[in-house]
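The following blocks contain the structures, represented as structure tokens.
What follows is a pair of complexes built around chain A, which joins chain B in one and chain C in the other.
Then we have the complex of A and B:
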């Protein structure tokens, strides 16, 4: 643990495309927390798309190369050995590329060929460790230290922690998970629960914490996505949650947008709020709602947070 | 096998409050039926085997074979089993109605995911879009 604390204190920050657009509040709050906790985020310069799902579905090897280039930049240009990716899609794709390069000859060949053509050093498996914002805060700052820093906290706030699909699936690409001890679980992830409990929140039992939000079909089959999201929102409310805490910009915007769509198209009203876990932690650390970008969310949680004296 | 849409409608109907175990069995069975539809649509005969004592888990495993994106409902199937177990163990618990209501939402998610996936096969590809590596390593 002390080793990770030292290692994660200064990390290469790969926010990816979503955090510059619809997921901007996630970016804002992650940076605000880093500043508050004296954790150094070094932006990866000249970064590219991780390959997301679009490239991956056309040619998975190109996705592997794209993600490998990000890791190569961190290792070869910046001398960093840890990449922190808060977006579940980026995190998932970098982990997948790591797995591919370590295990598949074809992936290594493609990465070598395109890297040579693009005239940059190829990435080799093991040169960097990719972590999520959850790992970064849990181990880079430490739970005891975080507890000592909490001001006011999230007392009285009931939270349903929603991890989405890409943080845990498929299991192969996350060899550090399911190892017992302080590792996270792929079937019952708990790092977000742990951090928000430290911040004073009351985590509710939420059986759909890794269920599909329909994110992949939000444009091609909006009704299916709306129904899946509505079910998640209703389950969170049935569990007694005031808030769904998120850690994925795709899930987050899907929950927010389809909450509105469900009301308009199906007259199905839900009132549970959707807030990034970094925003909640930031509030618990005494940062203002504006500083963590609460006003940038679609879901208006300010009145509820004020009523609970959290914002 | 009832049509898929009928399973969805049945999950919307009021649950028998005076018999929580019957309601839990009904929802567990609805989950099995949903997975049976998935398998039948893929020309597979739904298994009668059990995994960890539950057919639904064996059906899920059968449905995910060769189609890793189907794993996106693995935990949903397991949550149904969990809810069934706690209701069966403590039918008179003060939270039984709440547990039943949650179990219904879990079953509904399985229904929405699988029926959505039968319309648009790609649903679930996002999370399990590392399909190529899984196919190479299973």
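Then we have the complex of A and C:
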């Protein structure tokens, strides 16, 4: 898709709250890849939280407004027509806001009312296109071009690709998916698999790609989260994976946190490592472990990566 | 919606007789098990409307009880009592007292949206679960759940500052739910993090706890959001026939 290649070369970058806190390594590695591949990320100035998973439970339209403000900044202040959000939560909420503003009268009314009071132009449906870091790399750089850039790669690394909930559900907010051709699938997503295969990894057959890690209740109902995470970790190990590749800071932190909690509270030990897909891709592009923030992860994957001569 | 509800047949309503003869026919043994007659008179005919008045519950009337939601449900897989299809049935039938039997677990929905994905009628069962959990709280049937405490802390911080700082959220949540700040798994996690982290990263995290991240020129936005939420909450209470004030 040559037009997408042109369009995604310079994008508004919405990293969101998590990537400044617990999800920092995702931010580090995304920026390192952008630099390496000469893709331009323009930070959205004076951004706000998209509403995450919590605000909608207090008031769904406020969540829509919060996400709309980010898209309004990208369109009106920056003149950008593409917003790239690596966090599944941000990506999901911007997509949901886009859908709701296009289709629900009440969402439009609330966005208009609060935008006016807050003194900024309201966001209107269609002003920006929200994409995930997966779309950005797959189409903004291109798979053939990426293949040519891979140094050493991830040879010998068995990867379980874990997409989580918010990249594919609910289906209606992702009208571009399930369209055949090179669109991603909501039941069997494969963009991460595609990119890591190019990077030389061996993708294992992983049945829990879109299972839930219980992220919404990671603290409020920790035992449920631990059970759900343990399922995912054990399924990945049963599939023979060395690593679970992630694309969401909530999933990633959840897997790391409940891997420890499962050991402490349920005496269930798992050794599969948890690494952001951007970190793996960065390593395959010849970036150092430090450059992609491997040391910022909780689970220590350095000995395993060294043994495989990847880091 | 004539669904034969197995859940409504409970052990205390099943009567067995070792020796039973009806009309001269010996029906002892297997054939002597009966379900006691049960008459329901305490329907809450407003129940579906009350749930539909809360955010997420709007489309409950569309349900035709196919059970795709429960079949797809993440929480049902680890707790068979967590049954969205059944709760939607009870709400639509107005069987409030039956619904209240499960009041302590309804809030445990993890919002994975597998139900919403599977639903052929766009009921948005995930939304119905949230609406039902809120209904239980508003009506005073349950205490404020840990989920709502978390959502409230989180939303307050976003509304007040525009941004989230995860350290503060974790601390406030553990304090408000009266849990010790020192959790064995949390300690282990911090240990593993410190072991690997560069000083700069730790300093950034430390600084974030002192100088909370915030969006600039947020005051007007904050006030507009607060005003909107207050209006919505008042409307929800009114729809449930509750006093305007909490």
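Things worth noting here:
Please note the rule applied: the second predicted complex is superposed on the first by the 311 of 311 C-alpha atoms of A that agree within 3 Å, B and C clash if a C-alpha of one lies under 4 Å from a C-alpha of the other, contacts with A are read in each partner's own complex, and residues count from 1 in each chain.
As a working rule, a contact is a pair of C-beta atoms (placed from the backbone, for glycine too) under 8 Å apart; a residue touches a chain by one contact, two chains touch by 3 or more.
In this text, all values refer to a predicted model and were calculated from it rather than measured experimentally.
Taken together in the superposed arrangement on chain A, chain B and chain C clash. By the touch criterion defined above, A:170 lies against chain B and chain C together after alignment on the C-alpha atoms of chain A.
Using the contact criterion defined above for the overlaid structures, shared-chain residue A:306 touches neither chain B nor chain C, since it reaches no partner.
Applying the stated contact rule after C-alpha superposition, one finds that A:228 touches each of chain B and chain C.
Here chain B and chain C are compared by how many residues of chain A each touches, and C touches more. In the superposition on chain A, A:69 contacts chain C only, with no contact to chain B.
In the superposition on chain A, contact of A:5 is made with neither chain B nor chain C.
Judged by the touch definition given at the top, the superposed model places A:20 against chain C, while chain B stays out of reach. In the superposition on chain A, A:239 makes contact with chain B only, while chain C stays out of contact range.
When the shared chain is aligned, no partner comes close enough to touch A:147: not chain B, not chain C.
Counting contacts as defined above, chain A residues 53, 56-57, 60, 165, 169-170, 211-212, 214-217, 220-221, 224, 227-228 meet chain B in one complex and chain C in the other.
Within the complex formed with chain C, the chain A residues making contact are 17-18, 20-22, 24, 46-49, 51-62, 65-66, 69, 110, 113-114, 117-119, 165, 168-171, 186, 211-212, 214-217, 219-221, 224-225, 227-228, 256-257, 260-261, 264-265, 295-300. Taken in their complex, chain B has these residues touching chain A: 68, 71-76, 78-79, 82-83, 98, 101-102, 105-106, 108-109, 112-113, 116, 119-120, 122-134, 136-137. Residue ranges on chain C touching chain A, taken from their complex, read 55-56, 74-75, 78, 108, 110-114, 116-117, 124, 130, 134, 145-152, 154-155, 158-159, 162-167, 170, 173-174, 177, 184-185, 188-189, 192-193, 195-198, 201, 204-205, 208, 213, 215-218, 220-221, 223-225, 227-229, 232. Note for the complex: chain A touches chain B at residues 53, 56-57, 60, 92, 96, 99-100, 103-104, 164-166, 169-170, 172-173, 187, 205, 207-212, 214-217, 220-221, 224, 227-228, 231-232, 234-235, 238-239, 250.
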